[in-house]
Structure formats: structure tokens, C-alpha cells
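The following pair of complexes shares a single chain, chain A, combined with chain B in the former and chain C in the latter.
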Partner chain A sequence: MSNLDMTPGQRHTVMGNQAICRGALEAGVRVVAGYPGTPSSEIIENLARAADEYGLYVEWSVNEKVSLEVAAAGSLAGMRSLCAMKQNGVNVASDFLLHLAGSGVRAGMVLVHCDDPGALSSVNEGESRHFARMLELPQLEPGDFQEAKDMTKWAFELSEELGQVVMLRSVTRLSHASGGVVAGPLPQGEAKARFEHHGTLLDTNRGPVSSAPVSVKHARQQEKLARAVELFEQSPFNTYQGPEEPELLVITSSICQLYVKEALAMLDAAGRVGVLKLGTTWPLPPKLIQKNLQRCGRIMVVEEVIPFLEENLKILAAEMAAEVGPKEFLAKREGYIPSTGELNPDLVAEALARALDIQYQPRPAEYAALAQAAAPSTDSPRELAFCPGCPHRASFWSLKNALALDGRDGFICGDIGCYAMGARPSNYGILKTLHAMGSGTGLASGFGQLGRFGMDQPVMAVSGDSTFYHAVIPALINAVHQRSPMSLVVLDNSGTAMTGFQPHPGTQNNAMGQPVPPVDLEAVCRTLGAEVTVCDPFDLEATREAALKMLADQSKAKVLILRQLCALSPERKGKKLYDVQVDPDKCLGGQCGCNRFCTRAFGCPGLTWERETGRASIDEVICAGCGVCASVCPAGAITKTERG
Partner chain B sequence: MAVELKHDPYNLIITGVGGQGNVLASRMLGSVLTSQGLWVTIGETFGASQRGGSVMSHLRLSQQGSWSPQIPSGQAHMVLALEPLEALRVLLKYGNPGSQAIVNDRPVLPYAAITGKAPYPDTGEMREQLAKLTARAWTIPATKTALELGAPIYANIIMLGALASLGELPMNRDDFERELTRSLGPAKVPRNLEAFDLGASMVAA
Partner chain C sequence: MNTRGPRQLLSEVQQAGLCVGCGSCVELCPYFRSHGGKTVMLHDCDLSEGRCHAWCPKTELDLESLAQALWGEAYAPAGVGPCLSVAAAQAGPALGEGVYQGGGVVSALAAAALELGMVDGVVLTGGEALEPTPIVARNLAEIKACTGSKFAAAPTLAALNRTQAAGGERLGVVATPCQGAALAQRGLKPVNQEAPTNPADLVLGLFCNWALDPRGLAAFLASRVELKRIRSMDIPPPPAGVLVVRTDHETLEIPLDEIRGLVPPGCAICPDMTSEWADLSVGMFEGRPGWNTLIVRSEKGRDLAEAALERGWLVLEEMPKSNWEHLDGAAQGKRLRGLRAANQQGLLGTADDPEPKALRVGAQLMAQIEKATGEEA
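The block that comes next holds the complex of A and B.
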């Protein structure tokens, strides 16, 4: 049973991502593809689990551009299709997306893109709604859990009606939050795929598919947008609530509408403020906007990060000035709503309180003072650190030591994945650059060429196994072909660990759990012409020596594969390889020259420092039993015994 | 449908450290309360959550509909904390004079404490502050008891047992038994119910 099985007519509490999946099932989706990325991953995961039961094809593609191409093929062959990715993915997919927007689609096709305001699990807070405007595609934004389901279903119908891919945007606080959803019925019936391609180039339903001839197709694309506007004018997903003539009109979309509702309740101001909640945010329906702008002269726009709605509304307000009169906007550009980070009910309440001149105190001043007084004892922050038993800690430990021994101030270019945490001080601060997937290798390939300008620092790049297939391969080809003296270290932990172990081209099973031929990472690197060494990162000495050797060779691009299962992988989780102990007679702790080397320098959370005894000890509950710390202690005080 | 809530929405925060399984606890609780006819909204922080950071789940329980998945500051009615420092952290932001808390007494040292850069606060002092910042607070040995039962993860169920026995929310042992059977399968029910009962006995007035 998949967790998308819901009883129609009954309310279930589900994650936003599950609600989106259920909406897709209710729409009869057949082809699903995506690339993992928080907060979008559960969409493909849930549908993959439901694939058998509901007759779907689901895949984790090698990257987002390819996933969009796979989903588009489904649509062109008459199958409703869905593609899911996080905000960064839209950048990757945008090259193809621009063309798809021009060519149009056949069966309903929905691109679900999940933004991460506040960068809760990203290294940026990119705003992917702009792609809708830039690429001239319709954009929907569900405002709660029920809408996440209902709008997804509608998005397929809309896409089919327009012959255009529809973008549906979620955010972390919707995708990863859970709430009440009343399920609808599922469609019945078989589907048969067939790609019709014998018509003329201009025959949308039977011809070959391309964005050319551009003059015709681009004009058609804009007609589709105009039709979308007509439909959006009537959409039940755009709602107004509040007095007919409010003191202030709030215009909002997405999960922000719940923050507005909450803030109005906190301030007890619902009687003074009107709320226009928009579900269709590009293109904006002008008649609806005009009617609502007429309600009052002060407009507050509540949205996260970039002023997308705000700017588009201001354009409309300027165009309609004659009909709606002058407007005072209270939004990001006016300093009412922050321009970075995610919103929450408190921030919205603050903005509203300022606009309405209300004094708001969430709790008595006395209590606030008590909390203030207690604050210093919570100063110790929880830095993110690699998991106990994580192979990356061991890998970075050895790389750090190799770079130090090499002595030429070498550095590592990082990439996106768990190992990006290597940029933090809590994980040796070892990564010196950090950008998009594959960029570490591309940058290292460039740095490697700078020896001719006197740069004498050796450079390494790290990448995970999933990232390797996603975007590192072209960069490695570049490095090999241009003979850049860099070293790529592939931290191969056999899964897309950061987002929850989705399969990738190097794994033995696909999204639906069927066996597939793994693409051999090592063989790919060799075929590309790189010299390859493979090592177990838990063997600290061998890893350090291999890294040192690579650093010394300045003649070409090389690859070091450090292979060891992720500590949280299903095969490893909860299974200790070793029982690890600290010998209290040998551990000299603060007394010896090491100055608490194991905890201070190596820093596995499974090791703790006991103030009372002045010695290190192993925390049974946390230690994963990898045994690595045994080779770190200079006094040999940490011992490991293999488990049966 | 006459379930009485003391506040609407009733705001409950489950807090802990990545890896302690509080997401599981909030899901189970959410599921039990949904079956009572309540609207349940749960906000969680994911992603880096497995890797030693603070993790919080916000539960909003209501007769009316979905609320924001983020609780406004100063509005927590109940705090369920799997780690004492996290209990304090949550109360500083979300507590008010009426807040109640159930706190697992076992510390998980932050990285800065492990590496010796910052001390972990004194447990006695934390207890005092906890008492000042709540109307009622219970500190219970959940992890210790869970280890005796065989695995640290039972601490979650012990905490839920404690919560259920307070009678603050419409849920009882039978509801939990049903949820345990549904989500974990019948084989795991007896041990988990034992954990649940132990938790209940720890806050008995």
C-alpha cells in the first residue's frame, strides 16, 4: 500500500508533497520524472512507490533537464506527465524549458518546482517564479494542503486546454508541512501511448514538435497566455475575504496566505483588512486585480524573497491608474516586508501592526524578561556536523592532512550534497568554493590552468556519486582534455544521501525498485582518460597517501574515488561494525600533548569529552561504530573490536 | 463531533536533535488526532535535520481548518522536548506563562561542547529556568528508560505516553494502540505500548 491511498471524501493529514502526488493521481498522471532536491524529493518518491499500483512510469533522471525531456516525451505521446525539482533544478532545465514553452505540449504536463525561501536546505534562496514570466508560461501557487492537491489536478486540465506546460510552485513550508486534505476519486481506464508525427510542422496535434517556425510558434505561445488570463479571471483559486471596503488590502499567495490569516487573528484585525489570495500568479488576471485594487488606497503585498507579485501588481496599478486611482504600496520596496529569508506569522504581524498602527505584544513583558535572562544558557548553538560514522568526515580528515603535508596551500573546490557541510567550521572548513552541482570540478579545471600565471597551489574538487552523473562528467571531460592538473575526489557513498537515498545511474535499482544496469563510475572516469585510484576512506593512511600522490602529480587530471557506504544507508544504519572503547588508562586527555585531539580536532559527535574525569569517552547512543576514531587517537587509547 | 480543545488552535511543539526521531513522533500524534476529527497542521524542518542540528515540529490542532505550519512566537501551549537544552531554546521563543513542558533529561552535546569551544549549560540551572518559564513542567528519564527497553528510539513513545496521560488532548491508549498497529505493524506493538505506559506513569500526578 502506498501512502497515496486515501479514501475519497475523507480528510487525511498529509504532507504538501503527498497532496501534490494525490492530485496528480486524481488527474490520471502516467509519466513522472525528476531529480532529487529538498524540498521536492518526496513527490517522485511517493509516486515511484505507487507506480505498480497505479500503472505509472516513474524515474529519477540523471539531471533536471533530462527529467523534463522524459516527462515531455510522455506528454507528446498522449500521457499526462509530471516533472518535479527544486528551484536550482529549474535553472538546469530552463534550456529545454524555453524550447518546450515554444513548441507546446499535448497531454497535460505539469512542472512542479519547489522553492526554498530561507534556504532551509539549500545554499541559495533562488526564486523560480521568474522563469514563468521569462519563459512565458502559466504559473500556479497553492496556498494550503487542500489546494496543493486540487490545483495539481486542475493544472493538468489547464495544461491540456492550453497545449502548454504549466508551472506549479511549492515552497518548503508547504511541501514539507502536513495538513488536512479531503481526497477525491481516482480515474479509471487504460492508457495507450503513441507519438503522432506525420502532420505538418504547424499541426499541433499530429506534426513533428519544435519551437520553430519561431514567428508563428511564439505568437501562439502568447495566445495561450492570453487564454490563461481569461481562465484565471474566473478561477476559484483566487479568493477575496474581508470587508467590502477595507482599510488595507493584502495581496498574497502560496503558504504566505496562512501567515496572513494567522497574523490577522493575532492582531484581531480581520474586520479591518481585506485579503486577496492569488492562486494564479502569472499572468495576473487584470479584471480581478482591478476590481480588488478599487477597494482601497493602501495595498500590502505579502510574499517571500523577490518582489515578484509586487512588481507585477505595480505595473498593473500603473496601467489602471485612471480607473483605480493612486495607490500606496506597503511591501518589500517600501520596507514593510523583508526581502530575504522566509516569512512567518510574526513578521507578517509586525508589518500589519505597523500599517494599522496596532501595538502587539505576544506575551507579558515580565515573561519576556525572564526569557531574556535565561537566554545565555542556550548560547551553545547546534552546528551541523557530519553524522557519526559518516565516510565524509574520514575523507575530509585525510584530505586535510594531505593538503597540510603537501605544504603548498592547496585547496578544495566543493559541490552540493551532504559534503557541502565541509565548508562549515564544524567540518574542518575544508571546502573553499561552493556553487552549483558540478561547479567544483569546473572551477578546479580552471584553477588548474593558472600555473602559467604563477599560481603554485594545487587544487582538488570533490563531488558525490549522484552529482558526478548529474553535472560533473562534462567538467571532468574538460579537465582531462585541457590537461588541467587537478584532482577530482569522488566521495562515493552509494546513493543520493542528502535527499534520502534516491537511486542514480550508479545504483542497481531504479525509482520503482526494479533492477537496472548500473553505470560504472570508475570505468566512466577511465574511459574519459583520467587516471583513477580507488580507496576506502575509513583507511585513513592509505587515503592520505593516495591524495598526496595526486597532489604531487601536476601533469594531468586525476580521479580519486573514496568509496564507503553512507552511515544512514539502509544497509549500514544501526549496524555497528565495531565496538569502540576508550581505555581510561591510556587516554591522557587534557594532560598529554594531544590536548584532547580526538574531540577537539576530529570531532565525531559519537566521541564526547567528560569534564569530570578529564577523559574522552564514547557515547553509546550516538556512536555508529565505524571505528575510524581508533586510528585518530595519537595515544592509541581508542580501541575497536570487530562485531560478530 | 464534540472534541473539546482548551485552545483553538492548540499549539504543540516537539523538539529535539537530528536523529532522535521526533518527526516520527509528530506524525504519529498527528495521525491519532486526525482520527479524532481534528484538523492537524504540522510544520517540520527537514534536510539538514538528520545531521545533529536542532529539529522542531510544530503541531496546530483545530476544529476550524489548516493554520500556519509555523507557530507565532510566545504561543506554545505544550512543549515536548527530547533534549533539555532544546526545551529551553523553544521556550525562550515560543513560551508564555501558561506553557507546559515535558522534557527528556538526557543531554545531547552540541558540536561546540564536544570540541570544548563552549560548555554545555549546567543541568541544575536549566531545570530552574525551565520551572520559571512554564506553568507546569515534568523532567523525565525517557532515553534512560528507552535504553532499558532496548533502543533509544522508544524515548519518543515514552514522551507521547506522558503527554497522553495529562489529558490535555483528546487521545488515549486505545487510539495509540491502533496507530501503532497501523504504522509499525502488530509485532512492534507490545514493546511500544510498554514504553507508552512507562511514559504515562512518569508524569502521574
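The block that comes next holds the complex of A and C.
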């Protein structure tokens, strides 16, 4: 049973990402690929679980570019295919996407890209809609859960009609929230894959597939966009609601349309404002836009992060100025809508109130006072810390010690994964750079070369195992080849832990649960010519010594693999390795010689400082039983007993 | 004599460049460790008072209080400090064959102390010439494995701290003057818990003019020899003025002027050449290779020297007056140089100076020291 099983004609409450999956199933999707990344991960996960039942091929690819290539292969062989990734995944995939846009596709192919305005689960709030304009591809944006399902299904049809990839954008609040969706029927019948390639290069359906000859293919690509515009003019996903001649026209898309509806209700202003909700946001259908711009002179554009719709609308408004007259825009550039962070009904209501000259206070003062009074006063601000038993804490503890002992003010370049939290003070603030997947190793490769300019700080990079396969390998090859004196520490917790333990090339099962040969991380590094050391990060001394040795060797690139299962991994979760106890008679507490070393310096949440007794203790409920704190205690007061 | 915490130790000593890497603060707690000759604070400790600060020989070293506490007498403004006797010395037949720096007297005294049961172990500096590491020797063979001067500052006291934490053993320490001072501070400044009133059961002091920063020395030597091949290093008595480095196949003489820049700034403010806070002090004997100078300072030291002589660990001869005077002058020279350097750097205070100071000497005593030096000269 899959959670995509729904009864046609009936309403189900589903998550946005589930709705997208159901739409793909209703479109008869066959080939699905992606790389994990919040908020997109559940799309591949749900389809992977449904793979057997619905006869799909689903994979977690090594990275987003490869996932797009895998999905494209399906399409070129006549299988409807879907590719899913988070916003910055589109950056990774964009090189292939540029060329695929030039060559076109055959069976319907949809790229679902989930943006994360407000960077709730990201280190960026990149806006991936701009790729649609830059690479000349059609862009769709569902505005609610039903649309998420319906537009996904339609996206495949559109893709097939155009012979082009269609981009479908979700955002965190659509992907991860739940709402009502009426299911549709599933298609019947078998599909047979075959790649036709005996025709000429210009034969779209039977020839070899390439973006060359560019002069012909690029022109065709633009014809496809022109056809998309014709279809978008009639699209039921573009709707207008409100008076025929409103005081203000709001143009919006995506989940923002719900914020607008809610804000208008809050302001009781629905009778004064017209709302043009666009589902097809690139290219914009000019006739539809012209018709709506003629409704009034003041236009507010409600969208998140940078002004994509706004700028495109302003261009159209300028082009049709003779017909629609001058317009006053009230959007980001005019300071009505913020250009960073998520929107919400309050922010939209504030903008609308200002535009409509309504007195409005998003949160009345008495409510704020009541809320404060109701909040428990003992709550203290909580830092993001690694879980109890997390191997990353042990790893970073030893790396911190090694860097301090080395004493040359060395530093670590961070990367993307749970371990990115190593940049936070609660996790020793040990990571000093943090960018894109694989960038830590690339940066370290570069820093390593600066000794010739007098830089005497040693440099390390960290990478998770999944990140290693995704984008670190080329950077490591570079470091080895350029003989950069850097050290790469692979924090191998045996899964894509941050996004929910998706398999990766180093694991023994694929997305569909079938056994696959794991790619040996250690052997890969050795083959690349790096000196490799493997350590258990729970062995603090061995890890520290290995790291110190690597820091001392300034002659080449080296790899230290710190291998230990994530405490939340399905194999480890709930199973304690040790029973851990504190002997209060031995505990030095706040005295000179300790000064609450375990709770204050090491900082595992499984350790508790007992204010009354002035001693540390183990929180049995939280402790994951890794036993590392026993090695940290200076007084031997923490003991660990192996569990049978 | 104010005791402060680890953060102040970091700012007043490590960051001020005064740390000589003696190891006094190392392994008392999990915060301070030593690596490659450098003492580092691994994690922040916010205690307002700590043994690390209290015992550091580069903080609050109050010479007068220390002399009163340790010897029950005033700090001597001239000479080599407390002295029951002084002699030319050499290891006796009991020590057996071996390669020793000078006369082998330190090894002989350490071995004698073990044999006599005065101590259960002696903390020594072992390891390679460029990577000195502290060890606790519990028999003659282990002592012999540590012979040879290192010239690089070693965190010897870290081994004492580590072993004392385990408890139960009486330990002797072979200490440089800074380490001797650190040990003397322990009796004087209990912190936050019952003070170890007997910080070491025997202190064998070494004469010392300065040490070298091991990392700097390694980097310096790396450009001249293959570091792995270095077998020993020696600074022969004046007027040689060179560091002799012996490798497997060559002997290198490096003028001392070339390596003076590698002396930690903390050594420049040291007023002690002859390890004045030790039970016995041992140094080179000028003009007589194979012999040491031995100063007996405490009654415990005298007992050891006498027993060692009786049991064949030591051979003693009277020290000629000219040597004695020369040693006195050299010791006084370093005392004055150290105090003046500290004064110039604002690191010298009187007992009641409220500001943090590395060294404390009353104005009256300082005047006596200046005067005594004038007379010597």
C-alpha cells in the first residue's frame, strides 16, 4: 500500500508533495529520479514506495544533474518522466537543462523544483524560476493542493505537446503543508520503452537528440515557447477573482495566492481588490495580462523573494502602455513587498492596508500581551545542537582539539548536511565557510595553495558521505592533482541523514529497496591518489591523533574517513551501545580541574547539569548510549557499560 | 599575589608570548594541553580562579613570599640562592656506562633517589631532541633512556600532573628554573580545593640560561639537516658559543647568535639561572668536561647527596674558588637581566601592586639586587 493510493472522485487530505506525486501517477509517469533536498524529498520517497505497485522506475541519483539526465533518458525513450530537486539543485542540473531545452524531449517530462523562501531548510533562498526565463522553458506554479495534483498531470501533457521540458515550482509551504485533493483516475495500459535514433538530426521524434544545430534548434525552442503562450492564454490555472473594476489589482502566484485571500478577508477588502492568480508564470500570456491590467491603474504584485513576476509584468505593461495606460506598481521595488524571506498573510495584509489606506495592526497589542503572559517564562532560547549520540559531535570535538593543538589557527571549510550545524556556537562553531554541495573541498583545495603567499594556517574540509558522491569527488581530484596541502574529512554516517536517510551510491539498497553494489568510498579516495585514514569518531584519541598527523603533513591532499552510524539511522535508532552513568562521588562538578567540562564544553544534550547537587548526570531518556562522554570526563566519573 | 583564571592565563601569558611551555598548567584539567612545545587552551574555561594561573611561573611570581614560604628566609639579593654546599660532581660507578651530558649527575641523583626509596618515580624529559616529551622513570633503564639535554622547552610538569591525578605515588622532578618556580608556587597558592602541600617529593634543578622554541628550532634546523637524522644536540660551555648538532653522519656547529631569536620571550624575564627553588641544582662545570656543578640547597637534598656519595652514585670534589665566583657572577647577571627586562616590559611589580604582574619584587630588594650586582662587577 502506498500513500498515493486514492479513490478517484474522492477528496483526500494530502501533503503538497504527495499531491504532485499523485498528479504524476495520473499522468502515467514511468521514470522518476532526483536528489534529496528539503522541501522536495518526499516526492521521490513517495514514488519510490509506490514503484512496485505502479510499475515505475525510481532512483535517488548521485546528484541533480545526473537525475535530470536519467529522467531525460526515460522521456527520449518514450516514457513519461519526472525529476525532483530543491531550488539549488536546479543550479547543479542547469548545465544539462540548458542543453536539454535546446534538444527538446519526447514523452512528457516535468522538472519539479521546490523553492525554500525564508531558507527554512537551506543555506540560501535561491529563486529557481529564473532558470525558466534564462533557459527559455515554460514555468508552472500551482497555487494550492488540488492544483499541485492537477497541474502536475497537465504539465506532462503540455510537455508532450511542446516537445519540451516543463518546470513546475513548489515552495516549502505547499510541499510540506496538507490540504484537500480530489483524486482523478489512473491511466491503464503498458508502456514500452524504445529510443528511436535512425532519423535525421532535425527529426525530433526519430533522430539523434542534440541541441545542435543550434541555429535551427534554438529557433524551434522559441517556437515552443510561443506555442506555450497560446496555451497559457486559455489556461484554467490563471484565474481572476474580484470586482470588474477594482481599486487595486493584485497579481500573484503559488502559495502566495492563499496569503492574499486570507489577507483580504482579514482586511474585509475583497470587494475593493481584484486578484489575478497566475498558474503559468513564464512566459506570461500577454492578452490575459492586458485584459487584467485594463481593470485599474494600481497593480500590486505579491510573490516571494526576488521580483520575477513583477519584472516580467512591468515589461509587458511598458510594451502595452498605449493600450492599458500608465500603471502604478506597488510591489518590491516600491517597498510594499519584502525581497527576502517568506511571505505570510500578515505581511501581505500590511502591504494591502497601506495600498488601500486601511488602518490595520497585524497583531493587536492586547493579543501580544496575552500571548506573552501565556508563554511559559522558564523557556530559554534553544540553540541548534547535534542529537545525543551524533557521530558529528564526536568528530568535531576531535577536530577542534586537533586544530587547537596544532596551534596554527587552522580552520575547516564546511559543506551541506547535518554537519553544517558545526558552524553554530553550540557545536563548537568549528566550520568557517559554508556554501554549496562540494564547495568545502573546493575551497580547501584553493586555501591549500596560499602557503606560497605566506598563509601558514592549515586547512581542512568536511563532507558527508552523500555529499562526497554528489560533488566532492571532482574537488578532491583537483586537490590531489594540484598537490594542495589540504585534508578532507569525510563524516561517513552511512546515509543521506539530513533529508531522511535516503540511499546514496555508498549504500547497499536503492530508492526502491532493492540490493545494489555499494561504491566503496575509501577505495575511490585511494584510487584518486589520496592518502586515506579510516577512524571511528567515537575513538576520540585515535581521531585526534589522525587529524593532527594530517594537519602536520603539508605535502599533499589527504582524506580522513570518520565512519560511525547516525544515531537516528534505522539500524541504530533506539539501540544504545552502552549504559552510561555518572558517579557523583567522582564528579568534580564546577571545581578547578573540570568546571562542568561535559555539560559546558562537550555539550551533549544527553548530559544534564544538576544545579542542586553541583554534579553532572545522564538524562536516560535522551542519552543515545554512544559512550563518548566517558572519554571526555577528566575525573573518570562517567562510566559506560556495554549492553548485551 | 592575585590568583586569576584560565582566561587571564591565556591573555597574560600565552597571548603575551611569555609561555615557556613548562607544562605546569597542562593536564591539571581537560582544558590545557601541550603539543609541539606549545601550550594551548583547547576549550574555554570561565573559572575566575584556577590552578593553571596560580601555579604558572610567569604569573605573580613573588620572589620574596616564595623564599619565605619555601626556605623560611629572605630572598637572597645575590649569588646562587639557598646553598648548603657546592661541589664539582660526577656520576659514580653505580650509574654504569652511558652517554651523559656533562658528568651524568642528574641521572645519578635520580637513580639514587629511586634506590633510596625517596621517590617512586622521577619525572624527566625524554623523547627526541626536537620533540621532548615528559616521562615518569621508575627504574634506572628508564632514566638512562632520557639522558641528554633537549634545549627545547618541554612540558615536563604535565607528566607530574597526570601522574599525581592518578594518585598514590611520590614523585621527584628534574626541573628547569621555571619548572622549579612553578612547583614552588604550588605550596604557596592553594586553589579551590585541598592544596597539594607537597607538590613534588624531590626537585632536581637544572641550570638554564634559556630554552628554544621547539617548532621554531625544528623549522630552523630543517633547512640545514634532515631532522630525522639528528642524534644529539649540545651547547658546550663558553666561550664556544655554538649549538652542536650531531646527525648520523655529520656534526654541525651553529653560532648561538643565529638561534637567539628562537628563545621564547618568557625566558628573557627569568631571573633564575641555577634553579633556586630546587632541593639540588646541577649544571655544567666550566672548563672541565665530564664534570658537573652540584649545589645542595635543602636538607632533603643534602641527605640525597650524602647517600648517593656513600653508595657510589656520585663522585664529589671541591669546587675551586674561581669557578664558584664565576658561577655567582653569571647567576647574578641573569637575575638582574631578567628583572630589568621584566621591568622594562611593565611585568615587574611590588608585592602590593594591584595590577597583574609576572614577577614581584619589593623596591628595597630590587635596590639590593642592583647594588649587589654592582659589587660583583
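Here is the rule we go by: the second predicted complex is superposed on the first by the 625 of 644 C-alpha atoms of A that agree within 3 Å, B and C clash if a C-alpha of one lies under 4 Å from a C-alpha of the other, contacts with A are read in each partner's own complex, and residues count from 1 in each chain.
Definition applied: a contact is a pair of C-beta atoms (placed from the backbone, for glycine too) under 8 Å apart; a residue touches a chain by one contact, two chains touch by 3 or more.
The shown structure was predicted, so the numbers you read here are calculated from the model rather than taken from an experiment.
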When chain B and chain C are modelled together on chain A, clash or fit: fit
Which of chain B and chain C A:Asp357 touches, first, second, both or neither: neither
Touching partner for A:Ala404 - first (chain B), second (chain C), both, neither: second
Touching partner for A:Val632 - first (chain B), second (chain C), both, neither: second
Three-chain overlay, vertex chain A: chain B-chain C angle, C-alpha, nearest 10 degrees: 90
Which superposed partner A:Glu190 touches (first chain B, second chain C, both, neither): neither
Which superposed partner A:Asp585 touches (first chain B, second chain C, both, neither): neither
First, second, both or neither for A:Glu571, with chain B first and chain C second: neither
Which of chain B and chain C A:Ala177 touches, first, second, both or neither: first
Chain B versus chain C as contact partner of A:Glu262, first or second or both or neither: first
More chain A residues in contact - chain B or chain C: B
CA minimum distance (chain B, chain C), superposed complexes, angstrom: 11
Complex interface listing, chain A residues touching chain B: 11-13, 38-39, 120-121, 144-146, 172-174, 176-180, 255, 258-259, 261-263, 266, 344-346, 349, 362-364, 367, 370-371, 374-375, 377-387, 418, 421, 426, 498, 568, 596, 599-600, 603, 605, 607-609, 611, 619-622
Residue ranges of chain A touching chain C (in the complex, touch as defined): 400-401, 404-407, 548, 590-595, 597, 601, 632, 634
Of all residues in chain B, those that touch chain A in their complex: 17, 19, 27, 30-31, 34, 39-48, 50-54, 65-75, 85, 88-89, 91-93, 95-97, 108-116, 118-122, 125-126, 129, 132-133, 143, 147, 152
Residue ranges of chain C touching chain A (in the complex, touch as defined): 28-31, 33, 35-36, 38, 40-47, 49-52, 191-193
